[in-house]
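Below are two complexes that have chain A in common, paired first with chain B and then with chain C.
Coming up: the complex of A and B.
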């Protein structure tokens, strides 16, 4: 696209606009995104690799990373399955109230995450609307399950948001052909619809997962923030920062930054790869 | 095809690894009992490095049982709100007695919590001013913080107990100085002094510890905080100085068992831990971490860093927290000073 556009007028000679615009792009990113991330790496490594490694392998740090990944994993599983189901139903059928459902699914996007956490406490907390009927042993809040619930709430619309547009714009000729050939709905879904959604599902899942791993505002309210029990990686970073242990905080921040880099690289390359065949 | 298989394999393995919850780190092994402590922000070092290991060793020696600890630290008001919302604290160590009162009012703690040694107070520390090395702004006492152009960092009284101590400290020191000069406590002068300092506050972090971190990153000219925070910072080599006001308050920190979360079987353990906080061993450990002992003043001689204060006072001067909170924090600070 861009090559065509710039080629329209500058058919002869060197196009100065191209390097200039790329430089401008990088220059804008530098103070806003790149330098802040760079300073995490600089401060994380400021006391040398040995100290960095020590902060990284502290039992509470490892636990926090594991807990973040596990809780994000289950939130992702749920939200992808839900997103797929919701997108399928909402793109296949038109009915009264369909748009309201789409709006409702999207609501968590604009809700401050702290409000999400507080809402969960008001519902499931030991003195909450439903939580008061749970016995002491089956309490959900202040356990890892609360973190999963918070992650699900906060990332609720993400997978749906990626899958829905793909499903809506998909050509239905193959599905119709499959149906004419006598396939059941389930066969059509499994063999025709699902494979063409592969890219969207992986994309939605990675986005949900990445967003969950970084979740802070709701987690700090519902988890109880107990080191080595209910403290996720972002909470650990915040706790270390507050203790003035900036290197320890940055060591984990580096892991999360690299992780984010990895996720979005996979997202970028996997899309071509998944849609190749 | 081979690449795809490899990638799928890696994905499957990582998915498997991610599907089970990690087990909590730390000794004790499965089934060991755990004491869950929610503490206000500055309690962390003393508890984790001295008090927990010492109590665990003592309990092991006496009962042959391993004990685990787990804790969470935040501003005193925040901690209290978490417990009120159902956070699973067994013991709460708070900055201000008012927060214990809030737990009692909600039925989380017993009315007679103060029927313990030292009326429930485990340690104390005076409030001081931290400034940059060399004291470039020439700050000697609270009124100097009101000078034009001084940028003060002060934790948020809504979430931090330390912030409330600080307000009482500024207010009370003016009361005492006016009494010394004129013979009567001048409430107007005290309120004016507080208002003048508050005008220079540029940031209100959520806890004393957050305020310190902000100050450490180079923000602001002065920070009002617990003496032990300044001493911990100096010990870590931070380029700061401690300014001791002529008159200042001693903050006194209560510990309480959160009855609601403690079963009858757990109770002896929790009581043993709480009572351990007043043992000579624990009190000396607090002194090592720059808290002052409440059981034995002679322990405090062991710490040569402790400042001498000319005119110290305590919450008793205001008639205790039951009067200080509504009359000074609410009526004077929140209603008349904060947004004026």
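Coming up: the complex of A and C.
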């Protein structure tokens, strides 16, 4: 009977399952993903553009955005350079303990961000393992440097994770060809290996940066959350919301949301272009 | 000029007792050969014969366990690849994907800090030589396999390599293109006269490309010689069977003749065998005649009788399986050209005379212990 039915459906050229399943998919996404994002924009704009602009240009808000971008930038620079170096070493050489190193590099993403922040406090805090030896004016915790450290920690394996597979699948004979043609290791890396990693490096950097900008759990523990001094954008949203200033929180939320769309689009569309030969 | 000096000038590559192990496995055992200026040598062997390892050792991409590599009189055994100045054409061509054709060709020159004008002049010349004028601004991914190969050759020629090393250069191409490219490369190499070493497992390719062929088997050099010699005068059973098809017949030497049951063959070349020695008679399918050929100037000897068991039409010639009229009823393979098949058609079951125009007598070693018994034999 059912076999008959499906036969009929197909001969008539109309498959009910297809539109139904697509509709079901959208329906599930609506309350879970689409509506929350939409409400940021709906609420943020509900009192007009002028009000939105005023919230956005408040000095603490601008500072929070700047701090987020600057600390994320330096964390990204470090993690891309580190990821490139680690991926190069680990793909080029096989040695005892190689897999353990790969696992260790990957651990930070598995650790809850609050635990990461707490761990940094225990190391660098005024009574921490290393922090106790720092004088009062060289303390790292509760400064922007602490935010960079926290960002580095939570995004540690991201760039590595993007670069490593590309490097591993890269044909070894390219490097050998370069060597037989007279290139030193450094020349080969610079002229041959690096250009092939362009897409992976940009992808890894964007991923690291996006993740850093949004970091909350570890930042709130290590930064001190001082408005205008160590308060990043996500902390600003949290603080303003707690103070009942929903509009102020909303303006920054819109900026962060738009920013992630932007990065996502670049990742989605520009990588093919960067990787094209 | 003393002989030593002449030797240094004419010999481009010299491989001296190279041995190599990977762990416990012996990959190469006491390999010796030379390539003279302008010559093309083909290293022919099955996969696992060690031919790629030899190539990599000459290029400096692999260290030999022992032995020396000498390029134009200079011992380069301990030099890294980049200081040897050899040109390697990789099987995958290994063109740099982010550089266009021009940039790929000029890479070796840029590394050598040549002036812009010089780089341009050499690149132009090579692009013309390899017929890549229309493609000079294209990236490797836009080129066909054959074009990529020409870029790889031009790229290696740019810096006047000591020797060109080709690693199975036609492996990635389909059969028709393969034949055409082979001829193109052969012509190109004759023109530029750069000494080259090819490695391949394809015997047809080896016969067509090589001025000389070196046959490798399990890390040992079985024979080295001109295609004619290696094909017609195989030194070992392995060479005979690897390079073309061969029929084998066991027998002994008696009174300077090959003897097997009632088969007697006069031996005319000098096979270095003694009376009473167990030997193998080796002959090619095309050297067998099923009747005495008319007007034959070659030496022809009657082997025995047989009957036709199978006839296959394989295009350019006919392939016949004949069972010999001896106690083992051994089958042999015979190929007959069109002229012969029309003049003398066969049917299955027919009785035929079997005669040979050319054959080789090889000492009867079992393959695996060939080296060991050869040593015993010389005692």
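In this section, the second predicted complex is superposed on the first by the 248 of 277 C-alpha atoms of A that agree within 3 Å, B and C clash if a C-alpha of one lies under 4 Å from a C-alpha of the other, contacts with A are read in each partner's own complex, and residues count from 1 in each chain.
Following the convention adopted for this analysis, a contact is a pair of C-beta atoms (placed from the backbone, for glycine too) under 8 Å apart; a residue touches a chain by one contact, two chains touch by 3 or more.
As the structure is a computational prediction, the values presented were derived from the model and not from experiment.
Engineer: Chain B versus chain C on the shared chain A, clash or fit?
Structural biologist: After superposition on chain A, which the two structures share, chain B sits beside chain C with no clash.
Engineer: Just to be sure I read the superposition right, which of the two partners does A:182 touch: chain B = first, chain C = second, or both, or neither?
Structural biologist: second
Engineer: Output check: A:171 vs chain B and chain C. Expected answer is one of first, second, both, neither. What do you get?
Structural biologist: second
Engineer: See if chain A has more residues touched by chain B or by chain C, and give me that chain.
Structural biologist: Ranking chain B and chain C by residues of chain A touched puts B first.
Engineer: So, does A:39 touch the first partner chain B, the second partner chain C, both, or neither?
Structural biologist: After superposition on chain A, A:39 lies in contact with neither partner.
Engineer: One more residue to check, A:126. First (chain B), second (chain C), both or neither?
Structural biologist: The answer is first: A:126 touches chain B but not chain C.
Engineer: Once chain A of both complexes is superposed, is A:195 in touch with chain B (first), chain C (second), both, or neither?
Structural biologist: In the superposition, A:195 touches chain C alone.
Engineer: Just checking: does A:109 make contact with chain B only, chain C only, both, or neither of them? Give me first, second, both or neither.
Structural biologist: neither
Engineer: Taking the superposition on A as described, I'd like to know which of chain B and chain C A:144 touches: first, second, both or neither.
Structural biologist: Only chain B is touched by A:144; chain C is not.
Engineer: State the minimum pairwise Cα distance, in Å, between chain B and chain C in the overlaid complexes.
Structural biologist: 15
Engineer: Where on chain A does chain B make contact in their complex?
Structural biologist: Those in contact with chain B are residues 59-60, 62-63, 66-67, 69-70, 72-74, 121, 125-127, 131, 139, 141-142, 144, 224-229, 231, 239, 241-244, 273.
Engineer: Please output the residues of chain B touching chain A within their complex, sorted ascending.
Structural biologist: 4, 15, 17-22, 24-26, 36, 41, 44, 70-74, 82, 85-88, 207, 209-210, 212-213, 216, 233, 236
Engineer: Contact residues on chain A for chain C in the complex?
Structural biologist: Spelled out, the residues of chain A in touch with chain C are 171, 173-174, 176-184, 187, 191-192, 195-196, 198, 277.
Engineer: Where on chain C is chain A touching in the complex?
Structural biologist: 59-61, 80-88, 90-92, 94, 96-98, 107-108, 111-112, 139-141, 155-156, 159
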